[in-house]
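Please find the structures below.
Shared between the two complexes below is subunit A, which pairs with subunit B and subunit C, respectively.
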Partner chain A sequence: MPFTSFAFILFLAIVVTVYYVTPKRWQWVILLVASYVFYLFAGARFVPYLVFTTLTTYGAAIRLDRINKQYNAQLQSPAHELPREDRKVLKIAAERRKKRVLTLVLLLNFGLLAFVKYFNFIGDNINALLADLGAGAAAPQLGLLLPLGISFYTFQSMGYIIDVYRGKYEPERNPAKLALFISFFPQMVQGPIGRYDALAPQLAAPHSFDYERAKQGIQLIIWGYFKKLVIADRAAIFVDQVITYYTAYTGLYIPIAIILYAVQIYTDFSGGIDIATGAAQILGIDLAANFRRPYFAQTIAEYWRRWHITLGAWMRDYLYYPLALSKGLARIGKWLRKKVNNRFGVLFPALMAEAVVFLVIGIWHGPAWKYIAYGIYYGLLIVLGMLLQPLSEKATAALHIKTDCFSWRLWRVLRTFALTCFGRYLTRAPNLGDSYQMMKLTVTEFNPGILLDGSLYTLGLDAKNIRLLFAAILVLLVVSILQEKGYHIREKLQEQNLVFQWAIMLAGIFAVLIFGTYGSGYDATKFIYELF
Partner chain B sequence: MDKLLEILHELRPELDYAHNDSLIDGGHLDSFDIVTLVGELNDAFDIEIGVEDLIPENFNSVAAMWSLIQRLREQV
Partner chain C sequence: MNICGRKASRLAKAATFLVILGMLLALANAVLTPKWLTGLYHSTYTVTGFYNEPRKHIDVLFLGSSRIECSVSPLSLWHAHGITSYSLATPLQSPLVSYYYLREALRYQDVQIVVIEPKLLYREQAVDEHEDSYRNTLDYMPLSLNKLRAAADIVSYSQSQTLLSYALPLLRYHSRWSNLTAGDLQLNLVQEHSLKGFVPVYTKLDASAPQDDEESDTLSFTPFGEDYMNRIAALCKEHGVTLVLVQPPDIVWNQGMSSQIDAWAASWDLPFVDYNTPENLAALDLVEETDFFHPSHVNIRGAEKLTAHLGDYLAEHYALPDHRGDPAYSKWDTDYAHYMQQKASRFGLSSS
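Now for the complex of A and B:
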C-alpha cells in the first residue's frame, strides 16, 4: 500500500476515524494494529523479519536492564560501602556482560540486514570472479526480496538498544508498545528514523482530535504529494530517458538530467517524508525533521546536516562518536601530534571516524560499487574540507574577498550544489563505468543549441510538461526561500480567512490530481528510498 | 575552570562562552568540535568522557561542561 495510492488515503482515513473514537487508553493499540495491517499489505512473508527485530530488541533491552539492576544492588548490598577497588571490579564485570548482550543483538540484526541486502551482490561478485577464472557459477542465488523498510526500522531499534546500553533511559517493558515504536506505519517505509525518547511517549499518550493540527497535517500531505507526483515523477521521465540512453544524449543533456535528478531525488524523498509527517501529525504525533532545504547548504558538511537529518544524527551518535572517541584512534592521534603535526594529530580521530561514517553511508545505500565510491567521494570531500579550512580562510583574507554578502553565499551554495551533483553522477549511472563515460561525454561534447531548438521537448516530456515542471520547481524554490527566511507558511495560512485557506488547499489538491504524473509506463508508486 | 576556558578559546576563538548556554542546541559547536574538545578535556583533566556523556545538556554551556568534568573526576 504505497503512500501515493488511493488505498493509502482510505486506510489513513479509517485509521484516523477509529483512532479518535477509541477510548484514549487504547489508542496506541489501534496504531499498533494499523501498523501491522499496513505491513501485511506489503507482504506477509516480510512480517517475520519485523517480529524478529522486535523480539531480539525487546529481550536484549530487558537483559541489559537486569544487569544494571544487579550491579546497583551489589553496590548497595553490604552495610558499609565497598572499597573503591571492589567497586571497580564489579563495574568492569557488569560492563563486560552488557557488552556481550549488545554485541549479540547488534550482530543478529545488522547481520540480517546485511544478509538480505548484500547476499545477491556478494554472490554475483563471486560468480563473476569465478567466471573470469574460467570456472562455472558456484554461489547460489536466493533471489531475496528486501523486506519493506528493513533499513529504517533496524536503525531505529538498534539506536534504542544502544541508548538503553548507555543508560540513557529505561527500557520499554511492554513488548507491544516496543513493537509499535519499531513499526509505526507512517515512518517505517523510509523514515524519518525516530528516537525512542522522543517518539515512544507520544505513541503511548492519549490524543484528542485537534482540528487545527489535522488541517496542518493534511496540508503537509498535499505538499508532499505535490513534490512527489508533480515534480519528482515528472522529472523522473526526463532523467530516466537521458540516463538510460546516455550514449545517444551526449553533451549538455547529461548535466541537465543530473540536475533534474538532484531535484527528483530531493522531492521524491522529502515528499514521502512530508506525507509521513503529515499523517502522523493528524494522529497527534510529531516525527523528527528529516530535511532542512539541503540545497541551500554552503558547505558539504552543512549539506549533510540538512539532508536526511535523522540518518546523519544516527550515524553521529552511534558510529561517529564511538569511533572518534575510541582509545585506539586517540592514541594514534596523540602520537601524530608529537611526531608529525599538532593540528593533524588533533583532527585525526575525527577525520578517520568521518571517513568510516561516509563509507558506511555509501555501503548502506546499496550493494554496488558505485555506492561505495559515492561514500568515499563524500568522505574525501569532508576530510579535505576540514584539512584545507585554514588555508581557504587565509586565501579569502589575502584576496580581500568579502564573505559577509549575498554574492559570496550564493557562490558557496552553487559550489556545494555542483559538488553534490557530481556525486549524483556516481549514484544515478547504472554502474561506475557508465558514470565515468557520462562525465566524459559531459565535457567532450558542446551543444548549447539544444537549449533553444526544442530538443529538450523530445525526451518523454513535451513543451507543456517541461514548462509545468519548471513552474512547479519555481513554486518549490519560492516556498523553500520563504522557509529559509524563517517564514512559517502553514501557520501564516492559519491566520487567513477560512475561504482563502480552503481555496489554497483545494488548489493544492487539484494541482496534484491534474498535474500529478500518472498513466501507463510509469510506476508512480515507488519511492526511491524505499529500496534502501 | 580557567583551563577549560583556555581550551575552548583555542578551539573556537570567536564564540562568546560566558553568555552562551546553547552551544550545541544553537549549532555553535558541531560534532567535529566536540570530538576535538573531548580529546583535549580528557588529557587536561585526566578524565574519560564516554559516548554516553555526549548529550547536548553536558556541552551547552561552560558551566555544564565544568560540572561534567567535576562529576567524572569523582567517579571510579
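Now for the complex of A and C:
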C-alpha cells in the first residue's frame, strides 16, 4: 500500500476514525492492528520476518533485564555480603552474559538483514571471481524478496536492544507494545528510525483528537505529496531518460540530470517522510525529524547531520562512539601521537570511526559496489575535511577572505552541493563503470546550446512540464529558505485568516491532484478516435 | 466559547471546507474531462441528450457502434410512424457499455423495443486499447450504481485503470492541464441532442481512400461479447422488453457471421434483421457510390433508406404507439423540422 495510493489515504482515514472512537486505553491496540494490516498489504510472506525480529528483540531485552536483576540481587543481599574482589568477578560474569545475549540478537537480526539483502550480491561476486579464475559458478542465487522496511525496523529494534543493554531504560515487558514500537505503520516503509524512549511512550499514551494538530498533520501530508508527486516523480522522467541513454545524451545533459536527480531523491525521500510524519501527527504522535534542508549544508559533515538524520544519529550512537572510544583505537592513536604526528594521533580514532561509519552507510544503502563506493567517497570527504581543516583555515586567512558574509556561505553551500552531486554519479548510474563513463562524457562534450535550442524539452517532459517543474522547485526553495530562517510555516499559517488558510490548503490539494505525476497519463492522440 | 460550542464550530468549518473542496473538484472534473466533440461523433451530446429526454417518452432504444449511429434516424422514424426512439449507439461501442446503458434506459424510460447491433458478439473487451470508446460514453453518464458497476467491470479487465477514476475523472485526465483549450472551459454543454443520437454523414464513399476497419472479420464470438450480449438478452427478457437484432449493411460483410448470429438469435428466440442478405439489400436499394461513406457505414442517404425499411418492419411487427398529434410530443415535430432544414442546407451546399 504505497503512500501515494488512494488505498493509503482511505486506510489512514479509517485508522484515524477507529483510533479516536476507541476507548483511550485500547488506542495502542488499534495502532498495532493497523500496523500489521498495513504490513499484510505488502505481503503476508514478509510478516514472519517482522515477527522474528520482534520476538528475538523482546526475548533478548527480557533476558538482559533478568541478568541485571540477578546481578543486583546478588550484590544487595545482606546475607551474602561479598568482598570487593568477588563483586568484581560477579560484575564481569554478568557483563559477559549480557554481551553474549546482545551479540546473539545482533547477529541474528543483522544476519537476517544481510542474508535477504546481500546474499545474492555476495554470491554474484563469488561467481564472478570464480569465473575469472576459470571455475564455474559455485554460489547459488536465491529468489529473495526484500521484506518491506526491513532495513528500518531492524535498525530501530537493534537500537532499542543496545540501549537496554547499556541500561539506558527498562525493557518493554508487554510484547505487543514492543511489536507496535517496531512496526508502527507510518514509519514502516522508509523511516524515520525511531528511538524507543521518544516513540514508545507516545504510542502507548492515550490521545484525544486535536483539531489543530490534525489540520497541521494534513497540511504536512499535502506538502509531502507535493514534493513526491509534483517534483520528484516529474523530475524522474527527465532523469531516467538521460541516465538510461547517457551515451546519447552527453555533455551538459548529464550534469543537468544529476542535479535534477539530487532534487528528485531529496523530494522523494523527504516527501515520504513528511507523509509519514503528518499521518503520525494526526494520530497524536511526533516522529523524529529526518531532514533539515540538507542542500543548505556548508560542509559534508553538516550535510550528513541534515540528511537522513535518524540514520546518522543511529550510526553516531551505536557505531561511531563505540568505535571512536574503543580501547584498541585509543591505543593506536596514542602510538601515532608519539611516532608520527600529534594531531594525526589525536584525530585517528575519530577518522577511523568515520571511515567505518560511512562504509556501513554505503552498504546499508544497497547490495551493490556502487553503494560501497558511495560510502567510501563520503568517508574520504569527511576524513580529508578533518585533516585539511587547519590548512584551509590558514589559506583563508592568508588570502584575506571574508568568512562572515553571505557570499562565503553561498560558496560553501554550492561547493557542498556540488560534492553531493558528484556522489550521485556513483549511485544513480547502473554501476561503477557507467558512473565513470558518465563523468567522462560530462567533461569531454561541450554543448551549452541545448540550454537554448529546446533540446531539454524532448526528454519526456515538454516545455510546459519543464516550466512547471522549475516553478515547483522554486516553491520548495522559498519554503526551505523561510524554514532555514526559523520561520515555522504551518504555525504562521494557523495565525492567518481562515480564508487564506483554506486557500493555501486548497491550492496544495489541487496542485497535487492536477500537477501530480500519477496514473497512466493522457495521450490525446490515443484518445482521438475518429471513425468507429 | 464552551467546549461543545467550539466543537460545533470546528465541525461546521470542516464541513464547509469539504463542501468547497467538493465544488472545486466538480469544477476541475468538468474542465479537465475531454468534451468528446471532435470529428464526426459527438458522444457527449448523445449521452447528455439521452438524459435530457423527458421520462417515459422513448419507446425504442438503439444500441451498437457507429454503424447503428449512422444508419438509423429516430426523427425519420417519428415522421413516418410516430415512433419515439433514441440512438445510444456510440463509436466502437462495447457490449459492456451497451449493457449498462440499457440498464440506465430502463431506469429513465419505458422502453418497449431495444434494437441492437449483433456484431457486438464479436467485440473484444480491449478496455485499455480502446479506452476512449469506454470513456467517451461513461464520462458523461451521471454517477450511479450502474456507472460504478460498469467501471468495476472495466477495471476488472484493465491493466491500468481505477474505479475511482470513473467517479472522479480528474484522476484520469489531470495531465490534460498542459493541453487545455478554450473549448475545455465551456462548461454548460448543450444538453439536448436534436437528432436523438443520429449522426448524419453527408459525404460519399471515396474509393481511392485507404479504408480501415476497427476489427478483422472473424468467425467466432468472443467470450466477452457473448457474455454481455447474453446479459442484454436476459435483461430484456426480465423486463419484458423486445430485443431486435439489426445488422446494418456492410460492403465487405462475411456471410458466415450471419449464420452464426442467426443461431445465437434462435437460442434466445430473437428476431434478426440482417441488412446484408441479398433480399434485404435489394429491398433497401442501396447504391455503393452514393449511399455509403465507408464500406461498413451508410451515409445520410443510406440511413434514410434503412430507417424507412426498419420503421416499416417495426410498425408491422410490433404494436408501438403512434405519438404524432399528441401535444406532449410536439417537440418531436419541431426537431424533425430542424432536421429537414439542416438536411436541406447541407444537401444544398453539397449538391453535386
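The working rule: the second predicted complex is superposed on the first by the 511 of 532 C-alpha atoms of A that agree within 3 Å, B and C clash if a C-alpha of one lies under 4 Å from a C-alpha of the other, contacts with A are read in each partner's own complex, and residues count from 1 in each chain.
FYI, a residue touches a chain if its C-beta (ideal position, glycine included) is under 8 Å from a C-beta of that chain, and two chains touch if they have at least 3 such contacts.
Bear in mind that the values here come from a model prediction, so they are computed numbers and not experimental data.
Visitor: Mind working out whether A:322 is in touch with subunit B, subunit C, both or neither, as first, second, both or neither?
Guide: After superposition on chain A, A:322 lies in contact with subunit B alone.
Visitor: Which partner chains sit in contact with A:172 here, subunit B, subunit C, both or neither? Use first/second/both/neither.
Guide: Neither partner.
Visitor: Examine A:301 and indicate which partner it touches, taking first as subunit B and second as subunit C; both and neither are also allowed.
Guide: It touches subunit B, and subunit C stays clear.
Visitor: One more residue to check, A:91. First (subunit B), second (subunit C), both or neither?
Guide: After superposition on chain A, A:91 lies in contact with subunit B alone.
Visitor: Touching A:65 in the superposition: subunit B (first), subunit C (second), both, neither?
Guide: In the superposition, A:65 touches no partner, neither subunit B nor subunit C.
Visitor: Do subunit B and subunit C land on any of the same subunit A residues, and which?
Guide: none
Visitor: Enumerate the contact residues on subunit C facing subunit A in the complex.
Guide: 10, 13, 17, 20-21, 24-25, 28, 32, 34, 38-40, 65-66, 91-92, 130-133, 135-136, 160-162, 164-165, 170-179, 212, 214, 294, 297
Visitor: Please output the residues of subunit B touching subunit A within their complex, sorted ascending.
Guide: Counting only subunit B, the residues touching subunit A are 30-32, 34-36, 38-40, 42-43, 49-52, 54-55, 76.
Visitor: Which of the residues in subunit A come into contact with subunit B in the complex?
Guide: These residues of subunit A touch subunit B: 84, 87-88, 91, 166-168, 301, 305, 316-317, 320-322, 324-325, 330, 333-334, 346-347, 349-350, 353-354, 386.
Visitor: Write out the stretch or stretches of subunit A touching subunit C in their complex.
Guide: Those in contact with subunit C are residues 6, 211, 462, 464-465, 468, 498, 502, 505-506, 509-510, 513-516, 518-522, 524, 526-532.
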